[in-house]
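Beneath this line is the structure, given in structure tokens, with notes to follow.
Chain nomenclature is as follows: A, B, C and D, assigned in order of appearance, with residue numbering initiated at 1 for each chain independently.
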Amino acid sequence: MLTVNRLDLADAQVLIAGAAARAGEIGIPMCIAITDESGNLLAFERMDGGKVTSITVAQDKAFTAAAARKATHEYNQACVPGNLVFGIHTEVGGRLSVVGGGLPVMVDGEVVGGIGLSSGTPQQDMDCAQAGIDHFLSQRS
Amino acid sequence: MLTVNRLDLADAQVLIAGAAARAGEIGIPMCIAITDESGNLLAFERMDGGKVTSITVAQDKAFTAAAARKATHEYNQACVPGNLVFGIHTEVGGRLSVVGGGLPVMVDGEVVGGIGLSSGTPQQDMDCAQAGIDHFLSQRS
Amino acid sequence: MLTVNRLDLADAQVLIAGAAARAGEIGIPMCIAITDESGNLLAFERMDGGKVTSITVAQDKAFTAAAARKATHEYNQACVPGNLVFGIHTEVGGRLSVVGGGLPVMVDGEVVGGIGLSSGTPQQDMDCAQAGIDHFLSQRS
Amino acid sequence: MLTVNRLDLADAQVLIAGAAARAGEIGIPMCIAITDESGNLLAFERMDGGKVTSITVAQDKAFTAAAARKATHEYNQACVPGNLVFGIHTEVGGRLSVVGGGLPVMVDGEVVGGIGLSSGTPQQDMDCAQAGIDHFLSQRS
């Protein structure tokens, strides 16, 4: 038997609050998705003005980061033609995202969930995803 | 050009709060999805203990109620073998849900969004969806 | 080698005009789809107020009627549990529709296309689909 | 509550007429799709000789341009291996198109819909999409 540590809904809301605050600062309304450690959706918010395509993209980024235990921008670096990783971006029915903006949420060296942001540039999405994690970790200490 | 009225994120959070409060009262952790008038996801919460299958089912119920402007339990009544509506439950890539628990959100006689609940019995899901709408409308008056 | 007769775009527009006129008469804004004899989309219109779910449903009805050379309401009659046809409504990735409102378009005893309507009751959808065909045939004679 | 502006069917027909006229001038029969601001299909025409694959491609381009509020050729520029956007072309179930030929339709600085063309080269598709928008805007002034 395994015992698994996992974000709860309250954690997910803290992650969203941190990411949304940063999105507000930079003036980009975002779609924000939080998954548990298995990649299943815990919470989602589309800020007013977030993009319709980003509803799915944000979820796919969070799913990938949690379920593959890897930031989507790390996959992006490796997913270039000629690298044996190339092609991973079309796997899992297209849900495996290699676009920057998905980060695993780690506690005590263990992945307990994922956060995915979409609607800005990948750099903006990554910045807000990290802000969500920073806020979450600061609340725990 | 058309002008369309649509729930914003703050509205979606009020709807979720009302539904979640009722779910807490009856002791059933729910998945709760809110869409805009076109069926696109605005906000989602999986209460601790909500079912993984319900992540999709709640979203499909909210999508159906908004995008078809009809409660999913009304489709359910008509979707019986021999009725010309039968078969609608597999349409739109299976996203059209006829399981009770999806309600259109109406303001001034117009559909402005949808709410979908899943994890309980359909009656419990419908009860909590209605509680979300009641709470939302009470906040507006 | 085969020679195939097929609706052209002008024919499709006549079919839509006939169906839309009838939809206007009964006061139900419809989604109207016309396919060629192979089930591939030729033309589509969502009347102002047509349902979002009906975008796909109308296309699936027209696809089914043309590609299976059978009215969707005829499939509906046979698609009851215990009948060997039952289950056809989930085939072709769910695109095979058995909901009333899809009719093959026939010229000289041959299927040359399909018309699918959605947003009303199946009876209203069937009525408007037939009106489209009647208008098309009256223009040819 | 939000208030949203959206193309109506008459607008969609004007957009198609403008695009089809240009397609006729350059002698390339096109598939032409118009969506509303949320990416849902409003109208579609396959000119006689338009490609079957383009039925979906044109719709995906229009969907992307409206729902992501970005021209598909702009995504194309950024979607190169090593860029953090790479991989976006397989997102949203493959519906997010980065092939040139999809443009957002803007009125008063706001995206009110999308137009997608397919069957020619991307440059031809872009040219005809722009012609549709130019014709639409000239009718409004």
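Just so we're on the same page, contacts are C-beta pairs under 8 Å (C-beta built on N, C-alpha and C of every residue); 3 or more make two chains touch, one makes a residue touch a chain.
Remember, it's a predicted structure, so these values are computed and weren't measured experimentally.
Novice: With one step meaning two chains touch, work out the least steps from chain A to chain C.
Specialist: 2
Novice: Name the chain pair with more contacting C-beta pairs, choosing from C-D and B-C.
Specialist: B-C
Novice: Suppose each chain is reduced to the average of its Cα coordinates; what separation in Å results between chain B and chain C?
Specialist: Centre separation, chain B to chain C: 29 Å.
Novice: Centre to centre, by mean C-alpha position, how many angstrom separate chain B and chain D?
Specialist: One centre to the other, that is 31 Å.
Novice: Which whole number of Å gives the spacing of the CA centres of chain C and chain D?
Specialist: From the centre of chain C to the centre of chain D is 25 Å.
Novice: By the touch rule stated above, which residues of chain C touch at least two different other chains?
Specialist: If we look for residues of chain C contacting two or more partner chains, we find 48, 52.
Novice: By the touch definition up top, name every chain pair that qualifies.
Specialist: Per the contact definition above, the touching pairs are A-B, A-D, B-C, B-D, C-D.
Novice: Which chain B residues qualify as touching chain D in the complex?
Specialist: 1-8, 11, 36, 38, 40, 107, 112
Novice: Going by the contact rule set out above, which residues of chain A touch chain D in the complex?
Specialist: 48, 51-54, 56-57, 60, 73, 75-77, 79-81, 86, 89-90, 93-94, 97-100, 121-123, 126
Novice: Within the complex, which stretch of chain C touches chain D?
Specialist: Of all residues in chain C, those touching chain D are 8-9, 12, 40-48, 52, 55.
Novice: Please output the residues of chain D touching chain A within their complex, sorted ascending.
Specialist: 2, 38-39, 64, 66-69, 81-82, 84-88, 90-94, 96
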